[in-house]
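Common to both upcoming complexes is chain A, partnered first by chain B, then by chain C.
Entry: the complex of A and B
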């Protein structure tokens, strides 16, 4: 009951956000200079052709009707047709989604495995020694400051001079050749993970510092519990809570960062598809891709709220 | 009061990392602001040296594929990266602070609308929004500024709103209302000073996000257009010659990372000074 009372407003808010996002995406492409017919037909367009296109795509209907039709088509899985290849956008998006997902999972795993323990360690050390200068701040500052495309470019330079097992470009699906797949995917995944390492490290460090001011830690110290036991029993679980939220936010970064990293390493994922769609003025792809990214992001944030309520019994209890 | 100032100064300058960040930021800002009047050479002069010449005593950062001296180009890049993101973040901070104050103080429907609006903007991953904006507005500085605003506006709104919510019920606000102060006066005279600390913290954070977004868009060719240079577009230019002229990517990449890091370090120091976090030893 408590959980439902906590989650219901959030689900409602997520639905409203989804609605707003869809209106923005819909309107933005209706605002394109020249309108859809001009883009489709090019500069030498007769009024008859324009009218035909307007009729075929329902552009002569009121905006509200157009929006309803558009949403209805999207819900039925019709994201429109690519102007360049004349193939449905949804098929291509679904074909490429696993590639981006794999990239995101590699980055997320690396970020958690490296960032979380380092953050706990750095927080405990910073509190114990009352010293500001520690490796956690240095790693955090560096990771949050080196943009992914700078790191990626440097990695490409290094590994194109000395190949060292890794390969730049030449993606193969994991199913056909797992080793070959990892040879091409680990570098982009690593590039994408560095910001996450810094983000999770800094969040964990701050939370650990905050948790350590709480009375139950003082009580544990007074009881004579060993530092290891205090970290295991009193700090780790508490420090995990904000990390859930940050991981959800990090996913938004991953979706955007995937564009850059996929372009840089020519990984055939969703990001590269949207980017090429933009370069080709293939707006159905941009529209569908942006909407998909926003929907995924909203859904993940909502799931994070659910997870939050499950691991932290205090959530929602106070109201 | 001087005691507080002293503590703040000691916290800001007390450790090497922060000092390093502040110094680097100072140098970069100096280069960015006064670069055009420094005797560094013309960033646009073609065939000033050999094509793709390696760094030398004459050309410290080497030359690009048109024989342009790369050092003044990097300095120009610092200027446009800092300038664009600073303009975008400054505009966004003002709008976001006002919206956040309105949401937190007026409450009810206004709050609902502003909070939902912030959620909607927040739902677009920055670079994905960048692609949409570039599709609508075309590539260029205006789209870069728009994308930075879309990405950072929710940060300001959320922080200012939550701080305002905490302050709005306090006695001095009620006193001002009873004394007949107008809504606008309460917001700007009584509430604004109380949220400024939080805004300052967000400001540095937003500036570093803005610089990352600007350079990322320029790297994709959607931000600053040639012949103008931003650190991102220089990286884009250099990445075409990565294996034969790596100095272009390495110099502009290092300067860009240093710029973002200096902003982050100073931002961390500002945050630590305004919202100190202290743990206790485990022994």
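Entry: the complex of A and C
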């Protein structure tokens, strides 16, 4: 019951955010120079043809009506048809979603496995020292500052010259050839994970460092608890909320389609699809893709909100 | 007190501890010496900044990394705290020491139910009955309900009783309570202090209470140590010290504390501020605030000496006792 009272305003806020995103996506495409007729029929379109197109696609209606019809269609699962392939956008997006999901899971796993333990270690070490400088901050700053197109390009260069088991491009589905799939997916996953490692490491480190100075940790030390027990019993859970927040944000970012990395490594995921849609001015794809990414992002952050209440009993009680 | 023959439980000698603030070093303790004996309650009293918390936490080496040991030694229950390795320190804290902190709600893990925290403090795998029994000993009614609660669901007084229960869970030899009632409502301070005193007496442990409130503490302690400028400036049985202070600072603390004033009488705040030492103080640290100071007080560091049943660090102690309680000077 308390959980519902806690979640209701958050669901409401999520819906409002979603509405805002949809308006933004809708308007930004209407603001682009050149109407739909210009794209469809080329530069030498006659006014009659233009009017015909406008009438056919409802472009002569007021913006509000156009928006309502668009939203209504999407609620029914109709995201429009790709101009290039003449196939429903939603089907194309869903077909590519598993590829992006796999890439996101690889990157997230790598980032957690490397970033989280290092962050805890770095935070615990820093708390017991007078000087707070150490490897955690260096690695964190470096990882967060390297753009993924630079890192990806370097990796592509290195592994194109020396294969070293990995393969650049040439995606095969996991179902057909698991090993071949991993050979192509690990490099883009690695590229995406570096930022995640830095993000998770720094957040974990700072939070652990803060929790370490809380009186209840001093109290546990005063009871003669071992460092291992203190970390396990008192620090991990108390330091979890900010970590959950960045992990949720990072995962949402990954699932939205890591456009640059997917393009760089020719991974046929959602990001590459949206990118191609943008190049071809295939606006239905861009609209649908961005909106879907927003839905995923907002949903994941909602789940993080639920997790907060489960992690810290004070969160749910505060309302 | 040197008159006792037994081995002291805590023996702190000439302890000097400084804090690195980045730009300079501030001395929290400037040659503090103190002994705590078995089965007694000792109150350490002083303003904030007098060094009492540093002294109390140093007994378990619980100071933050900025703190530096500059001199002296600490022996607790046969363990040399200043040189012991981590494992020996953990054993000492685990088996012999119990701490009670100023803010009980903050001293409990906010994400863990009370029952589990108490179980962790007890060690091993105590059953729910054992946990409830321990909580009942700390005078908590409805221990079953409290075990299921989270710290933020308890009142300050209840939380402090939980912290006290956790501190006595393993029958420590020494309990150190840092301002155990300062964050509580005035109405329950006395009760929590009484619980703490009763549990100490039952277990035969020694209790060290750190406080700024001389009058509250006086009712619950056997001996009192008054701290100023990182030193113990007066140390003796409560009765002697309260009735006839030998240090002008003790006098000032009594005058500043509410309690015994006659109707209409004003409390007298202590003029001036506590000193911030950056090196060994080569004069009397209290001299700038002292009404009785003489040139000697500003030129020579006073050493501890015995006078009228207590130890005092003051060049003018005879004059202090004489001025305050002329008729009782020789009574004790």
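The rule we apply is simple: the second predicted complex is superposed on the first by the 313 of 319 C-alpha atoms of A that agree within 3 Å, B and C clash if a C-alpha of one lies under 4 Å from a C-alpha of the other, contacts with A are read in each partner's own complex, and residues count from 1 in each chain.
Just so it is clear, a residue touches a chain if its C-beta (ideal position, glycine included) is under 8 Å from a C-beta of that chain, and two chains touch if they have at least 3 such contacts.
Everything numeric here is computed off the predicted structure, so don't read it as measured data.
Peer 1: For A:238 in the superposed arrangement: first (chain B), second (chain C), both or neither?
Peer 2: second
Peer 1: Name the contact category of A:221: first (chain B only), second (chain C only), both, or neither.
Peer 2: After superposing on A, A:221 lies in contact with both chain B and chain C.
Peer 1: Examine A:275 and indicate which partner it touches, taking first as chain B and second as chain C; both and neither are also allowed.
Peer 2: Touch status of A:275: first partner only.
Peer 1: Quick one: classify A:156 as touching chain B (first), chain C (second), both or neither.
Peer 2: In the superposition, A:156 contacts chain B only.
Peer 1: Report for A:313: first if it touches chain B alone, second if chain C alone, otherwise both or neither.
Peer 2: second
Peer 1: Give one of first, second, both or neither to describe whether A:123 is in contact with chain B, with chain C, with both, or with none.
Peer 2: So A:123 only meets chain B here.
Peer 1: Same chain A residues contacting chain B and chain C, which ones?
Peer 2: Touching chain B in the first complex and chain C in the second, residues 127-130, 213, 218, 221 of chain A appear in both lists.
Peer 1: In the complex formed with chain B, which residues of chain A make contact?
Peer 2: Checking each residue of chain A against chain B gives 13, 16-18, 20-21, 24-25, 28-29, 31-33, 123-124, 126-130, 132-133, 137-138, 141-142, 144-150, 153-154, 156-157, 160-161, 206, 208-213, 217-218, 221, 227, 230-231, 252-253, 255-257, 259-260, 263-264, 274-275, 278, 281, 283, 286-287, 289-290, 293-294, 297-298.
Peer 1: Flag every residue of chain B that touches chain A in the complex, lowest number first.
Peer 2: So the residues of chain B in touch with chain A come to 14-17, 21, 116-117, 119-120, 123-136, 138, 208, 212, 215-216, 219-220, 232, 235, 238-239, 242-243, 246, 249-250, 253, 256-258, 260-261, 264-265, 268, 272, 277-283.
Peer 1: In their shared complex, at which residues does chain A touch chain C?
Peer 2: Chain A residues touching chain C: 127-130, 213-216, 218-226, 229, 233-234, 237-238, 311-314, 317.
Peer 1: Could you pull out which chain C residues touch chain A in their complex?
Peer 2: Listed in rising order, the residues are 20, 60, 62, 64-66, 90-95, 97-99, 101, 103, 106-112, 120-121, 150, 152-153, 163, 166.
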